[in-house]
Every structure is written in structure tokens, then in C-alpha cells.
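Okay, so subunit A shows up in both of these, paired with subunit B first and subunit C after.
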Partner chain A sequence: MPLLELQHSLIAALFQRDQLAEAAKFVKAQGSLSSEQRVGIYRNSAHGILLDYLESLYPVCLELVGTEFFGRTAHSFIDQMPPTRPFLADYGADFAAYLSAHPALQEMLWIVEVAKLEWARHAAWHTVNQVASDFTQLETLSAEQQAELRFQLPASAQLLSAHSPIHSIWLAHQDEYPDKPQFDEIDLEEAQQVLIFREQRRLHQTTLSPDDWAFLNAVQNQATMADLAEQFADQLPWLFSVAMQENWIYSFTTTPDETKPTRNS
Partner chain B sequence: MMQNKQIITATLMAIGLSAALSVANAEDKKVETEKCAGIVKAGMNDCGANGHSCAGKAAKDNDPAEWITLPKGTCEKITGGTVVKE
Partner chain C sequence: MTPNPILGCGIGLRFQHIDQILADKPPIPWLEILSDNYLTPGSVQQDYAIEVAEYYPVTLHGVGMSLGATEPFNDEYFQRLKSLADQVRPAWISDHLCWTAAHGWVSHDLLPLPYTEETIKHVVQRIREAQDRLERRLVIENVSSYLQYQESYLSEWEFLSAVAEEADCKLLLDVNNIYVSAFNHDFDPCKYLDSIPIERVQQFHLAGYEDKGTHLLDTHGQPVSDPVWGLYKLALQRFGALPTLIEWDNNIPSLEELLAEAHKATEAHIHAFA
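So, the complex of A and B:
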């Protein structure tokens, strides 16, 4: 049997229960364990590691849906969407989308939105820090260059707009916040806009006013200073002041950046 | 209602003021740091050790060879923490 075929057969067995017997053809039985059971050890081990990982990635969702539901859903997610890259931290981005299709959650889609927030925290944490621009250099630019200025949020910035109060729900499930909201008192119909970003060794998570969210969204979509002045008019100096003080804006460029992908949720 | 040119000028002034304030704050806040080993959660290390090349690749909790940067004097207060000599 060629090695490649053997490897594919084993991978299929890891993530598809009905492929165990096929992979077991290449494995000897030993002691009380059948060949299928011996392949099953690898399947259980891979699933166990990935389940532990998903539980650590989505701790609030785990609390919200319970260990049993989470475990069952995670196992079927692992089978249907197994890892495709060798770096574990890349795995699990699709879990929220997978939850959104679950029939049992159709009346509780706020749980899906919490899952998106938990992934956004993970993604922000695993983004490399970048060097901040020296904003005092802005005064050296010509009027034309100033109008064409574009600004960047931290590379880790995740802007989320949710139909439910995801920040409050998340906060209610944190042990270390003494003034956290009580989950029973949260209005699940309240929409919230949230910004998450990493600054050195700290992860920041904050709710945004609709104005701040619209402004940061426009900045993230690479609006020029002229576009921003048009859209936000005399609110703009204030919006920038708040954003600068909170470290939401990290750098600027004087030429259009066509390569930067827009990230919007 | 301000014209766009005036808005841009006012905005750049606001940015300049905020930038100057944050530079002043950052200078106030500069702290000495040290590398602290033995206390890092898996995947949360600061830099390479143990045969891997980069931050975030520590494979297990509290590995004595994995470290994070902390304000000076903090490490000795943490159970299992050892200051890494530069």
C-alpha cells in the first residue's frame, strides 16, 4: 500500500466514523482490541484534543448551551469541518456559522453572535502587534495630501455589530469582574456594537456608540479624510479625538492602499 | 455647519493634540520590564524557546523554558516564576 493512500485512509477514519473499518484493514488486532478499536483510539484522541480546544475557545457558549450539547455539536463540527492547516490557533473560525445552522438554536441566534465575539477575541489575540505612526508628522503634509489621508485601526481590530447584547452577555459570564451584569437582567433584544483589539499583552473589548461604530467602520474601509469629512461633518474632530485617546486608530497612510482587505461584520 | 476644508483642519488639530497628549502619557508610563519564566499558559509565551521559533507556540502550561515580559519585580511574587537573566 502506498504511504499516501495509507495516510488518507487514516485521516478519513479520524474524521468520518464510517471510514474506521476501511482504515482498520491496514491495522493488526492486538490483545482484546480489534483493529477497528485500535484505529478508534486515534479518532478519539484527535476529537478529544479538538473538543478541548473548542471548549477553551468558546467558554461562554459552552456555559450557555451546556457541556452535553456543546460536546455533541463540536464532535459533528469536527467531523464535517476538520482542521486543514497545521496551526491549531487557525482552527474553529467556522464554528459560529456551524452553530447558526443548528435547528435547536434558531430561536437563540444570540448564542451564535456570542460565538462570533469569542472568535473575534481569539483572532485579535493572535494578531501581531504593529508599529504606530507618528501623528505629529501630519502637520507637514500639503492640503491635498491631508484630504487623501487614510487611517488604520490596530491590525487586530475586530468590529462587530450584533442584534443582541454580546458584550453584556460575555461580561456576565466572566468570574473576575465584580461589577458584571447579571445575566437574568440582560435584555436579549438590545443591539450592541463592539470593538475588540489587542494592545501589547492586553486585549481590549468595548461597546461603541452607533456614531463611533460608523466612524471606525468607515476608517477600516479605508475612507479618505475627505470622505470622512463629508460623512461625519462637524462631528469628525470629536470622533477622532475619542478614537485617538482610546488608541483605536494606530497609523495613517498618505497613498491609497488597495491591497488591504476590508474587514466588516 | 463647517465646510469640509475647515472640518479637515479642525480634525488634524484634534489629532495633533491627542497625539501630543499620548506621547506625554507614554513617557510618564515607561516601566522597566523583566522576562519571567515558568508561569506561561500554553500558547501565550512571548518569544522563541524549546525549539520553536516564535511567540504563542508554547505547548504546555508553566513550562520552565517559556517566558513572558512583566513589569520588573513582579515575577518573584508569582508562584513558579523565575526571572530570566538577560
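So, the complex of A and C:
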């Protein structure tokens, strides 16, 4: 079917510069613009839409690397990994991985970690809020049921472990925080563990202590109450109460986790 | 429940204005929700759209249906769109007479079709299928374009009119797009308007373009230009004072400025018949 051929050729030109001449064969030359220039308008327009979108997803990275570098890298990313789904919000997850392979960033991989943080924020906005459990019901459970309890972080929760102070770098680039750290004063070698989650229409982003980090990871890996007691011993009540107070734990289940292989299987 | 009527001149809902709209509830005749930005179930974006729809009459306007494509429709896209529509109860759903995806890639841009009898047959069948999937009649918009295909032998207005008649859908006439394409392809925009069947047109779009010297680019980044206001007046005289919407997607102004632009369209409604 000729329409199929035409569309394949056109879309190839949008994402591969060397296909412009091929696509131009389907197009009339009019006025002062050649047919290739006319296809080029669409290539620029499609790239422009995706570049604007990537800039809106990665505003701190954009400030860190500058408009020109970001634009060049984004354009080559778009050509190498064009969108494959009609949902724009799904596009751009691979951008951090793409940056991590960039020769110019090998000594500045903290920028890649900031990109991962920015994607995690985007993903948290786009995740559904599950229904919160009624934690007063915990008291009604038998000792056996209590041992089998599993907890859930908010569905939107993203636990990030970075070799660099991603939270501080991110904060330093937010205009609306009056007490933000000065970028020049940040020690780029400092590792940070960060939790991002959404509560209704608010996004929370916070650094975690190593203990809180280990605890929330265990919870996210569906450890039972008995597992947690074994792993965290007498620290558990404290870790648990902080997590509850901060709304890091959102719901619980008493049924066995079907997704986790049993020890004997 | 019957959706609220869409009357007068509305604006496109933009993220930047949502908090203000929900807090102040300014008098806005209606809002057009860009469906593609609200399609993630349970996302904060969708949550906002649902709340806005509780207070204002809304329509859903999309860019991702890819009605003119040759590959099969994306089932998930239609499921999500239908679920959004169930929640915001739009007066109607619109998308463009174009294609966006091919070969497994999605351009997220509005790409023109060749204007031939064969394409009409293809698009008509696709619009019918989309209407069946959504269980409602669609409203189809003309796109602005920067190229014409070798194989095109019909005019855009002949193509658009034939598609609307044969698919039995409604039309969203983007007056700015007509003007932009008329400049780029050297045709008479008045002739375009005069050829469109009156009873098919349901809505108008107005937006700003950018003059690139060699061509006009539909950027939605500035006020509606004077010649487009002129063409709009002719459109009102031919099709009547139909619901009109101001689109603004780049350099988005304050809500007040946007509403002032919509107010200009309301004044044009009055003066068109004076």
C-alpha cells in the first residue's frame, strides 16, 4: 500500500537525518523551499516537541550541562531511541542511561545520578496512590498473623542510592527554597540515599539515614514482620515509628506474598 | 449524566493555571483538556483534570489517535482515553485528520496525509472504527501543514469535506491552521471556508503562528494574528457563533491574559453579525 510506504519513509526521516532525501521523493517542491527542506521542517518540529518535553523532565540536568550540550545530547538520544508508545509521559526513562555513556560525562557521573532522580520524581507524579490501610486494625491480629505481616511503601515510592549528594544538588537548583545549599559548597563525593514519594498532590523528597534506608529497602522487598524483627532486632520499634510518622509506610497485608518464591521451592 | 453545554469562547486547560482555576473558579465558559497529558490512570495530572471537570464544562482534545496511520490502533490508548472520558464526561472528543505513528515509532507530531480518494477511503474506515471504539461521534480537526505530497490531487478542503461526510463525523475548524496552510501552499483561505459543509462544523480553534520568512509555523506561542481574526469573522458569518477555543502551548501567558484573548473571540461573535 503506497500510504504505508510513504509513512515509513517520512517517519524514518524524522529520526534519521540521512533519510531526509529518500522521504523528500514523496514531497512536492514549492516556492523557495525544496522538498527536502519541507521534510526537514517536520524533523525539526518532531525533535522540538520531544526536546521541550525532555527539558521539562530534566530541568536540573539542563542547568548543570547547559542548553547547548543538553540540546545536542537530547537530539542524538531522540534519533537513537525514538518514542514507541503514544504516551509521551512514558518517554525519556532511558535518558539517564544514555547520558551515562556520554564520553564528556565520564568524570561527572553525578549528573547522571541527578537525571535518575529527576526521572524518579516524574514517575512518582504518574503513579496511582493506593488506598491507605487502617493501621488500628493491626491490634486485632493474632501473633501468628502479626509475624506474617508485610508492609508497603506508597506505590509511588522510589528509593535511590547515589554516590553523589543528588538531593543537595537538586535543592541548590530550586528557586523557591530560601535556605537551599549553595552549589559551590556541596561536596560532590558525598553519597546520599533518597526517598521520593507522592502523597495526594504533594511530592516528597528526602534523604535517608543508612538505617532508614536499609529498613525501607527490606520493607519494599516484602520482608515479613518476622524477617524485619530478625534483621533489625531492637532498632525495629524506632525505625517503624519513624516510618509511620513520616508516612513512608502506607498499607499492610496479612496474606502471604504470592510473588515471592518460598524457601523450599 | 448529560454533559454541560459548551457555549461561547473557552480556553485550553494548561498545568500552569490549574491551581489558580481550582482556587478562584473564575468564570470560564468551558475548557478543553488535552487528553494526551492526562492519560496515566491515577496520576496527579488525571486527578486534577477530574476535579476541573466537576466545575467546568469540558471537551477532550487529543493528538495521539493517529487516525490516518496504516498500523493498527493502539488498544491501550483507546482504553485509557475512554476511561478518562468516563471520568470527565466531555461534551465531545476531538483529534486531528493526520497520522502520528508508523513503523513502530511515534512522532508525537501531527503529520499530514496525501489528499487522494484512496486516503479518504482509508481514513473514513479508521474514523468509523475509532467512533465505534469510543461509542461516540468524533470531532476531527484540520492540521496546519508545511508540505504537500506528489500524489495529492485533491485540495485539502475537498479531502476534509469528503472525510466528514463519509465518516459521518463532526469538524473542528482550526482557523489559524487554515490560514497557515493557505500561506504555505498558496491557496485562498476563503475558498477553503466556503467549501466546508456548514452542518458538519462543531467548533473553532484560534491560535498564534510564527512567521519564519519562508513559511508560517503553527507554534501556539503568541496572540492570534490580525489576518486570522479577519478569517475568523468570515467563519462566524458562514457557520454561526460556534464554540471557539484559544490554544496556547508555548510561552504560556497568565490566566488573565489567556482569558482576555478568549474575550476578544467573544467580542468577534458579537461584531460578526453587527
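Observations, loosely collected:
We adopt the following convention: the second predicted complex is superposed on the first by the 255 of 265 C-alpha atoms of A that agree within 3 Å, B and C clash if a C-alpha of one lies under 4 Å from a C-alpha of the other, contacts with A are read in each partner's own complex, and residues count from 1 in each chain.
The working rule: contacts are C-beta pairs under 8 Å (C-beta built on N, C-alpha and C of every residue); 3 or more make two chains touch, one makes a residue touch a chain.
Note that the coordinates shown come from a computational prediction; the quantities given were computed from them, not determined experimentally.
After superposition onto subunit A, partners subunit B and subunit C are found to clash with each other. In the superposed pair of complexes, A:146 makes contact with subunit B only, with no contact to subunit C. When both complexes are overlaid on chain A, the residue A:89 reaches subunit B and subunit C alike.
In the superposed model, A:45 lies in contact with subunit C only, and not with subunit B.
Legend: residue contacts after superposition of the two complexes on their common chain; A:33 is shown touching subunit C, with no touch to subunit B.
Of the two partner chains placed around the shared chain by superposition, subunit C is the only one that A:198 touches, whereas subunit B remains out of contact. In the superposition on chain A, A:2 makes contact with subunit C only, not with subunit B. Contacts of A:209 after superposition: neither subunit B nor subunit C is touched. More residues of subunit A lie in touch with C than with the remaining chain of the pair subunit B and subunit C. In the superposition on chain A, contact is made by A:127 with subunit C only, not with subunit B.
Of the two partner chains, subunit C is the only one touched by A:11; subunit B is not. Within subunit A, the residues touched by subunit B in the first complex and by subunit C in the second are 89, 126, 201.
For subunit B in complex with subunit A, the touching residues are 1-2, 4-5, 7-8, 10-23, 43, 56, 68-69. If you check the complex, the residues on subunit A that touch subunit C are 1-4, 6-8, 10-12, 14-15, 25-28, 30-33, 35, 37-39, 41-42, 45-46, 49-50, 52-53, 82-89, 91, 125-129, 198, 200-201.
Interface residues of subunit A facing subunit B in the complex, by the touch rule stated above, are 89, 126, 134-136, 138-139, 143, 146-147, 201, 225-226, 228-230, 233-234, 236-238, 240-241, 244-245, 247.
Of all the residues in subunit C, the ones that touch subunit A in their complex are 36-37, 39-45, 47-48, 64, 66, 69-70, 74, 77, 80, 99-109, 111, 113-114, 118-119, 122, 146-152, 185-186, 214-215, 217, 250.
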